[in-house]
């Protein structure tokens, strides 16, 4: 009995441990900032998945609730500071959540009547309306500059004033952990299951006693609440809120996070939020063509891993659990060099082209590529790149059937094991 | 006997086309009632009207004496009426077990509850499992409903309908697509689960109709031309001409 | 022996890893009505789908002497094969008339069937001609699928459970229709649950078991072969 | 450590990248010049480009990254929202990390609040803020009696708003006889067809338009005006921004488009013209930001004078520093609010006069000086109450 | 007043037709294939850049014909090697695919043509004043745009009503296999439809490029307004999109002409709650009117102006 409880709890303990120890591994202030942002984004992406993954609602305007939650939080925060109330920082995200909930209830009322394209388009329209009105309602949204605040002016919490990033990190981590658990629990309730049913077949759900509209509405409210919490946390982290945070870009970012991570799995959006945040912040340091890579990566996921990263992981986890993973190893080992060659070739081509077209005018065509000095206008690097890419694609095509066969064997064994 | 379901002068038109044209019918509580009639006569439409999928143009529908015309399907379902569909209508991505459990949830009182763990609901599990047993799908417990064979899906359709334990059960061509054996099993199942309940069904398989029904209504062009016991219906010339043809013999 | 319109030899088919057809061999002659009988789930629908290229076939499928295994469904259809699926697959957003129009394949030349023919056979469809297919009654949809396929002017039409959901009178009607179709020179491969009809109208029949053909004969012969019936058809 | 790193936080990808990259190249050019002359206190200067994607939050992350790399001086210019966020962040950062102070040098974020209500000891601005520019423009208009009816059209956000209110206030004071015949706000970067606005301007009978529009909003506005045959003068802040000259040339509005600037190469002294020529030869674009030159020169002065490059010492030097700006005029960093004051030029865009050397974006058209407003005439009071460490 | 009405109507119609021109290909793809093509505006941008590139080498008229064909071919390739793969994963995947594509196209455009606007001009043959109305000139090029938009409308209407392609694609949305088994080559038709849609976007780009600003951000800034047009018009309805474009064009143009605000109507002192709203003029609100229209329309009439379906 205790062992089963322990088994059920172990992923959570592990997660908590991970949250607790991460700063030991990455102690720099910018790493802490990044991890704090990841925490915020994890909540945000999971809240989005209540809509997309659980209830089948594709929203183009989820950032509205994140942003409005943030704005209400920051105003409340400034008012609290002004009135010298004794409400310390850790409680503020709750205000964001409640604000998100309130706006979610308001807008949900008009948008959850239907699902599908109608819902998506209403969310798009509402998103545009809210973000456009941010320029009109200047006193609330603070115009272009937004609203700033200072978290250290809040009442201290057991002596902590949350000046140093590490304290903010732990605050985010605790909230993030709690929200993950809460949202996970939500998927395991009758309500969560009925959301799945409504996603699959809203009409039939209506004939077994549930109002699809009501279910969509409630799930919309939950999503807005957690998005608001994320917005509130973002305020504590950045100490600024502006209209960009509720715009289309933020809305599509969260969609991308949920999808790339894998909307079909509870933990998918967590992975998506971590990966996308990391890439967003660091990729631009490595290459100025980062948006191109971003787009290519994204398309690759859509084309080749429709279940997202989580889907891919689950496939292997299943094999690993049954001890079948090693059967894939030879095939993977064979194809890995081809994959690497193709990847390097592709990156070279992008970088060469980028340099040649974008920067050669004023900097000349000489550049450094993978630590080697090359001339982007000369033949040699292009030849190498094309060769690598060609070899990668050619070998990949040649060898891919082996991976397929290996998977066939594994799948057959897994099926047999499942049947038994 | 009190009427479980009573329809008074019901009309339904789509645009200019009248489909149901002044239909009145009483189904007594505990009765097994079959509705037969030519293709396109309006049988499924009638089901849609009663179950709330369509709104009547005029007329009155009462369930256990209460007016339900114009209510939403879930409101009608909560008042104790469940129906199946002629075209299979289940939750394709959920497993067989999940389909049945979901269908049972509301009637067991687990409404929009987001504080209980679904795995902890013994009653829902027990109901889903016993149903799965009865419709013969236990072996396919975790298969997504969408990959079941046609006949299996038809069985699940019935399962989802009866899972909520409603008093009035309406089945639209429950045995279509089943072979003789399966049909026999389905008839036995229907007989068993509607024990003490009211059943209204549409069916073209005369074996099933004559085997199950206490009374039969014949719907032709949106009107009931006869409503009687199976034996009398079989003898009815008008019915034979409009519907039965050779099969009546 | 007459030239065989359709000759299927050693046909295998799979759904993913599960092996459904295990080497079915049979043939249909021109203008002939042939029934494929068998218990539920033996693979009769799969056989038709494999011939249409909807399920990847392994083995030989010759139509008008030409190998068609491996072709795309639309190419197979254009060679003169028609298919009426058991799931009907009416295009719900299109009207009855548009559904019928989609049955036509384009191309010129005289056709055996026209839209008025269809409406003549099923007046009910004409009444509903401008209604979306999705709201038709079950029986009406069944009529529409058959007509839609006929509009493509096939030389061989493969029909899966044509009488499902039809009223007893309509079942008779469809039976007569099938005979009429055959009379106009179109061969029929019929998969039908209702034995009575199948036995009455077909000229020859095959019985399937375990994904293979286990019996071939005339209806009369099958009536006589009660052992076969007992083993492969009744339960 | 033998380099002084300056973090350049501006968009290097996405919509704003064209401007951001131009700035980066300018700063890199300036750093090279300093290094060629032996560096500062024996140290080399390095510009570290940090892509903020024109996003305030992202800028803060980048600033944090800069701090982690040991960068103590950051510079930024594009977008006042980013400017305000950075100024606020740097101030808090310095509060919370004594001994690691950072300095924020602003070369183009013109929102007046940065040197008024939200001023910071750690922020210095080299660009004239939008109020100062308006002061210069209205002073210039004082001597242009032919301007009688003015139409205001601006983007509907804080900058456009402040252009509009300041124009109204300052015109009322300096040219009370001018009639404001229209005052329009339109959404930022959302209009594809300005014809309706042009119709309104036309109907109003305006003889001049004042606009703070930038980017496609100025290009499309001028195109629509040219299409409709509208004959007015255009007093702008940013008609000369990246891509602007090309667009004006397309409309054929010769010397009808004016811009407020801190220096125009065609009328600059020889030294500045030489700088411009060298710069263009090396970088391939015109010098959009003469103020960046001023910024780097003053920074170099401050570092050498202080013999240190930590933020505290440099800030103390910069406060109140007076020097000669790129085009030879006096420039002063006002101590009260860290705003630089210098002479402001009003130029018009059209075919180059004989002898003029510099065209823009290869159009063959260039800027011609129409008037100069002395720095002293642009001095505005500030509401800044600076907290000094 | 009369003058204002005349100008606003004229400008509104012109703007509306510009919108329609840009949205027509999207309507085609969205209504027929059910794909919310986020890359549509990118094809439009490519059209403008191709147009620029070809017209500076060969002149405007060759580019008018060649550039859309190139964009169309590109669209067909995208369908063949991208969309077709993701089709089976459902609409969300298709949408995200086009979303990522938009990213890539913008990046590549920046790479090849730089980040600054290019100098794409109205061809001399069309660079004259068409007519003059009460002292305002209307350039011939805008009339040319108007005519092209109408021609596109007629062309699409013909495709949709005179051919069976529309039926085939619509049927294939629910039952692709069945359509194939009736003898129609569904994948090829999808490819053609997508190609034609992309080509229409390309054509819009070639024409709008000189009139607007040809720059890498032109795609994203065109943004969701195109979706507004086709949704307000009603999914699956070309006529709807046409009228919605006109409606939005005219409404927005008239709104711009109106300077009324609550402050003007009820006095300058705002009730405390309304704050900023009090001062806002209708003209300021003009650009968000389409979105308000979108939301209202979908709440009250989910099928749009003339549509018949919701998905």
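So that you can tell them apart, the chains are marked A, B, C, D and E in the order they are listed, and the count of residues begins at 1 in each.
We take it that a contact is a pair of C-beta atoms (placed from the backbone, for glycine too) under 8 Å apart; a residue touches a chain by one contact, two chains touch by 3 or more.
It should be emphasised that the depicted structure is a prediction, and the values quoted were computed from it without experimental measurement.
Visitor: Going only between touching chains, how few steps reach chain D from chain C?
Guide: Each step joins two touching chains, and the minimum needed here is 2.
Visitor: Taking each chain's centre as the mean of its C-alpha atoms, which one ends up farthest from the centre of chain C?
Guide: Chain D.
Visitor: Centroid of chain B to centroid of chain D, CA atoms only: how many Å?
Guide: About 75 Å, centre to centre.
Visitor: What whole-number Å value describes the gap between the mean CA coordinates of chain A and chain E?
Guide: 30
Visitor: Counting in whole Å, what is the centre-to-centre distance of chain D and chain E, each centre being its mean C-alpha position?
Guide: 35
Visitor: Distance-wise, how many Å sit between the C-alpha centres of chain A and chain C, to the nearest whole number?
Guide: Centre-to-centre distance between chain A and chain C: 50 Å.
Visitor: At least two other chains touched by the same residue of chain A: list those residues.
Guide: 132, 136, 138, 291
Visitor: Can you list the chain B residues in contact with two or more other chains?
Guide: none
Visitor: Where in chain C do residues touch at least two different other chains?
Guide: None at all.
Visitor: Where on chain A does chain E make contact in their complex?
Guide: 52, 58, 110, 113-114, 116-118, 120-122, 124-126, 128-129, 132-133, 136-140, 248, 252, 255-256, 259, 263, 289, 291-292, 294-296, 298-299, 302-303, 306, 353-354, 357-358
Visitor: Which stretch or stretches of chain B touch chain C in the complex?
Guide: 14, 17, 36-45, 86-87, 149-151, 173, 176-182, 204, 206, 242-248
Visitor: Inside the complex, what are the residues of chain C that reach chain B?
Guide: Within the complex, chain C contacts chain B at residues 39-41, 86-87, 124, 128, 131, 135-140, 142-143, 161, 164-172, 193, 234-235.
Visitor: Can you tell me which positions in chain A touch chain D when the two form their complex?
Guide: Its residues touching chain D are 28-30, 33-34, 37, 132, 135-136, 138, 143-146, 148, 150, 152, 163-165, 234, 238-240, 242, 244-245, 280-281, 284-285, 288, 290-291, 361-362.
Visitor: What residues of chain C sit close enough to touch chain E in their complex?
Guide: 52, 54, 72-74, 76-78, 83, 85, 89, 91-94, 98-99, 101-103, 105-106, 148-149, 152
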